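Would you mind keeping the following structure in view while I ask a few things?
In this document, chain identifiers A, B, C, D and E correspond to the written order of the chains, with residue numbering beginning at 1 in each.
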Amino acid sequence: MKTVEEIKTAIETAVSGAQLEIVPNGSPSAEHSLLVDAAHAFAAAKFLRDDAELKLDFLSNVTGVDWLDKETTEKVKVTRPVEKEVNGVKTMVDETVEETKKTVTPGYLEAVYHLYSMAKKHGPVILRMRTGNRSDKVELPSLTPIWRAAEFQEREVFDLFGIIFTGHPDLRRILMWDGFKDYPMRRDYVDPDDYEYEPTAHDDVLKRAQAHLAATTTEAAQ
Amino acid sequence: MVIFAILAPLTVAGGLAAVMLRNTVHCALAVAVAFAGLALLFLQLNAQFAGFAQILVYVGAVAILVVFAILLTRSSETPATGVFSKTWLTGLVIAAAVFAVLAWAVLGSRTALPHEQIEPQIAVAQIGYALMGRYVLPLEIVAVLLTASMIGAVIVAMYEKGGAK
Amino acid sequence: MSESLLEAWNRPPTIEVDGEGELLEVAMGPHHPSTHGVFRMDVVLDGERVIKLKPVFGYLHRNHEQIGQTVGYLQMMPYTDRLDYFCSLTNNWAYALAVEKLVGQAVPERAEYIRVILAELTRIQNHASTIGFLTQEMGASGTPLMYAFREREKILDLFESLTGSRMMCNYMRFGGCRVDMTEAHLNAARKIVTGLPRFIDEFENLLTSNEILMARSQGMGVLKPDLAVNAGITGPMLRASGVNYDIRKVDHYGIYDRFSFRVPLGEHGDIYDRYMVRVLEMRESLKILEQALKDIPAGPFIDPKAKIRGFKPKPGEAYGRIEAPKGELGFYLISDGGTSPYRFRIRPPSFINLTVLEDMCIGQNVADVVVVFGSVDIVLGEVDR
Amino acid sequence: MLGEGLLKGLGETARNFAGSFVSKERLTTVQYPEEREPLPEASRAFPFLVYDGADWEAGLRCVACQICEKECPPKCIYIEKSKDKKPDYVGKPQIYPAKFDIDISVCMSCQICVEVCPFEAIKMDNQFELATDDRFGGLLYDRKELARSNEYYHKIHPTEAAEVDARLAEEKAKAEEKAKAVAAAAAAKAAPAMAAKPAEGAQPQ
Amino acid sequence: MTNMLDQVFVLLKHRIVGLVPMPVQPILGAVLSVVAILAVFPGLFAISVLLERKGLGRMQNRIGPNRVGPLGVLQPVADGIKALIKEDLVPYSADHVVHFLAPVVLVVVVFMGYAVLPMGRNMTFVPMDAGLLFYFAMGASAELSIFMAGWSSRNKYSLLGAMRAVAQMISYEVPLLLSSVVIVMMTGSLSLDKIVEVQNQYTWGLPHWFVFTPMGFAAFVMFAIAATAETNRSPFDLPEGESELVAGYFTEYSGFKFAEFFLGEYVAMLSISGLGATLFLGGWSAPLEILNVVPSWFWFFAKIMVWICFYIWMRGTFPRLRQDQLMNFAWKFVLPMTLLNLLVAGLWRFMGEGWLRWVVCSAILLAAYVLGGRIGMRSKKFGPRSYRYAE
């Protein structure tokens, strides 16, 4: 089978304008993946399936990954003029001050597709797509029209991560019920405090249970 | 006579209920009751074959057919309006006329008179001999007619099935 | 994306309803005798013909993947038992394989043999009970199921004496297995393997040439190979459609390249083919078992250097997959260097095999829906996770 | 011929019907409450705490290191350390669990606590008939309910217990030797004996 | 002595009836007969339920019920008590009157069928000239009660189950009747007593049962198939196919009404077995001439129970057919076979005594069966398959 780099160039020649990037994999398996931009993902995927040499006709696994906003704090030495009283006279003196600088790299949601070929019996080729951010730009093209296998799995990713797959023929919640609001697989998901805790040996659970019980009984009283 | 006194009102009640009940399925069930009463009347008159045939054909098949027809064609929901149609008077007149004709015919026949009590013992075998002997031609004609209608029904059903595809 | 991009096989076929007959909507499940648990099919019927079928999942959803992301690598092992509770050992293997791939852990030879033996025994008991359930859906009052369970019991007894538990084995570890398979266990396994062919013969006597079974299953629930491939169907269902794809042969994971066995393929892709492929796979599994039990070498059953506690893989990701009895079972792990995976994903074969349930059922009789459903072979613990 | 397969099937059920009267293999039912299949040695249900000697409280091997609490996948173990110390089987003064609760209704019998315990203090019981009508309290087992003697352990898992005992005896011998050496050194140097810290994080085999 | 034992019930009845004044005698006689039927057949029902559960258990390598009483023989009693003390649930939107009437009608109609069955020498309760016809008339009425049950429950599963049941029973009534007509042709009577009398003759100690003639045997097979379908037994138990329709037409019944349906089903099974035994297996006549020392009623009940055992055996072995296959089987295979069988029966009479008619009739029927089966399997495109392997 072609290497990831070869596949990358093959896609770039076949799909004009596609921007691809190889995402390295640090584990010993060294299965590097291809990051494809959302605009050209559909065409690239179609190419991957139909290309005579690759023939990746089997989409094995679709999943989402939630990458949180990353907050990196670094200490930076900044030199700036500071007003100082030197010998009774106010003068501006340049002084080096250590400041902590916070940079926030915005998070994103990622959809990962594991492709294999049943005809040629090779694989995997891992395809990734990323959303703009985690809140409003969460749309990605659906690959269900290319691989039917994505139908339920994309629904699941939509359900649990909140990625909206445009072009999906039947995008509804699948594991959670229809009225459910949140996306339970996100890293910052907080359990709703709405179920019955059973008394356990654990302090924190007990506390939550008691608080919840108190809240529900007062609610009931009102 | 006691048995007749029980059966006749039952049959009549079944018939009336069939006309007057609101729920069509109930009506069909009432018809079945009327049929059963009729069959019992036959039995009371020692006409075993006719009685059993009545049950087998009417209760077992016709009533079921009616019920199926009701269920397949329209919902069995109770109609909101009254059960009597606007032309009920006409219907009543026609029914009365038919009854009058029948009564006249029955009263006019000699067998209606109570004095002739011969009570013929009719066995099933005799019916068989009669059908196969004297009445064989009518029987065959009826058979041919029924076969023809059955073939027709089959063809109609087949045509519909073919047309759907 | 426009509708025109959808290809022919991409949606279930739609059926024109003839006549003005009323359509009947029936919710089969979640409390229905033949949905294998809490699963619902919203079926639209025209008479007894299925016009539309929508599977509804999630009654058993417990967010297994989130659990996997909060507990450590080792602690996830017993949770994998509870996915497909019929085949906990293959689940263990798939997970162990993914983690081993993530950290580059080697597995001693003896451990590989033990894994193969246990996985093939699991496959046999799973296929036998699946066929039992399938005939149960056809109304066989449980006789084949009881025969299947009789044999399954023997296999589970072996599992219990080896791993301590009949179904929730929690047996495999990263780099080997938890305890060694002693000679006594191996002899027990040999005894089971010599007894099984007779059982499969009995099973086939009872079912294979049965006219009612043939009439019920041949030509029903047909799955075309191109759709099967496209919809990601795996396992016996795929092979019943005639596609030669067995991960044991393709990936050669473990030591499967050392054994000679064949992959049975169906031709029609109907329920009967699925049944027969399972029966024939049981026979092939027996062949593997015979070879494995003959050749198993002495040696360590777990890599002595393998870490159990304080397991912290380097950042990276791995996708490990095996041929589980129900299809391709995969685990996708992303490590960020912490003690628990950053992303833990299960690729459940029974869930994805249900993608084509509607395609197979449309136009069929309602009575066939349950049989088609039974022939898919699912476990709700895995579907809903 | 139509019906051939059906007749074959009928023959098969007839064989099983007749066989169930003569062959044990074809009638595998065990009449459960009266009859029981012997449990295999490896069989596991829920954990218990091992103690040596006659007094359960004094003999508990557990030193409240809380490894099992940390490693338990469903988090069903709850341990509180004691303030004081008592001598363990080697004779070293150790902390002991002031509170050791296992919520059996949460426990999933995975045996990981046993695998990670460095002190051979927690083992798997094979008692599975634990049904109770008290949903909350009845399944929360405390220290006393969990304590089982080493003899009991020998009874249910003889091979494993023998191995464990051998290992412990070896450790004890080593510890004694060491203690002797330390004592000798102490006698020589008249220095105060150091209380050895428990070997936390040691790998069990 | 033998005769005494044979007629013990008849004599007992005469003795009791003789105790009361003349005008009351017919009424008491009828009451006694009814009481006897109501006592014996529910008892047999209990036995066959136990037999079924035990037998099925053994076929499935289980023991079956064995907790209530020695070897579990009191299990049916426990079941009955359970059914009685259970709450009688009626769905809110059900049609209460019809819902109540359905099981009652079923049980009444099913018990009526026993009136004409000859249960032993001189042991027919109502020796009727058109006994066979009466039996079928009663059987036909049972369909109505099943429809009532399904419709009145206002449940989709119930309604579907009832529709299936009724369609199936109507379809199989035709072959059931036509296969019995062969016997009527051979005896020239609709009276079941007469039919048994004809069979109660022996040549070389062997009985003249109709099952031992070619068309009798064919009719017997067809009758057995149709009877199985008529009583909704496996493999024709789709009206209550639990894998599809939960429980069919009695899904919404509980407690004693459910027990009534259960009773009705088994009593119908017993009675149709009785009819089958009467028509083909010589009713109360002994299987060998020397066995005539055993009371005649014993043979009748023994034959019923053998028939029931066969039902159980089939249930333990076969999967269930599908609705359309069932209909196809009825109309395209069983019905033509029974019609052919009628022709053969005519031929049999026409050919007169001799070995030739045995050969000819058997050959025609066998050929038709084999050919019909093969054509049926080919047209439905099913049959054994072979499989290929990939290395």
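By our rule, a contact is a pair of C-beta atoms (placed from the backbone, for glycine too) under 8 Å apart; a residue touches a chain by one contact, two chains touch by 3 or more.
Computed from a predicted model, the values in this text were never measured in an experiment.
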Central chain (by mean CA position): C
Winner on C-beta contact pairs when C-E is weighed against B-E: C-E
Chain of greatest Cα-centre distance to subunit C: B
Centroid spacing, where centroids are CA-atom means, of subunit C and subunit E in whole angstrom: 43
Distance between the centres, which are taken as Cα means, of subunit E and subunit B, whole angstrom: 29
Centroid spacing, where centroids are CA-atom means, of subunit A and subunit B in whole angstrom: 75
Rounded Å distance between subunit C and subunit D, as computed from the means of their C-alpha atoms: 32
Set of subunit C residues in contact with two or more other chains: 143, 147, 150, 206, 208-214
Per-residue multi-chain contacts in subunit D, two or more chains: 2-3, 6, 9, 12-13, 16, 26, 28
Sequence positions of subunit A contacting 2 or more other chains: none
Complex contacts: residues of subunit C adjacent to subunit E: 24, 26, 32-34, 48, 135-143, 146-147, 150, 206, 208-216, 218-219, 244, 246, 249, 262-268, 272-273, 276-277, 280, 365-370
Complex contacts: residues of subunit A adjacent to subunit C: 25-29, 31, 33, 42, 57-61, 63, 65-66, 112, 114, 118, 121, 124, 126, 141-142, 144-153, 160, 166-167, 169, 174-177, 184-185, 187, 189
Residue ranges of subunit C in contact with subunit D within the complex: 71-72, 74-79, 81-82, 143, 147, 150, 153, 157, 160-165, 168, 170, 178-179, 202, 205-214, 308-310
In the complex with subunit E, residue positions of subunit D that touch it: 1-3, 6, 9-10, 12-14, 16-17, 20-21, 26-29, 31
Complex contact set, residues of subunit E against subunit B: 95, 98, 128-130, 133-134, 136-141, 143-144, 147-148, 151, 159, 163, 166, 170, 173, 188-190
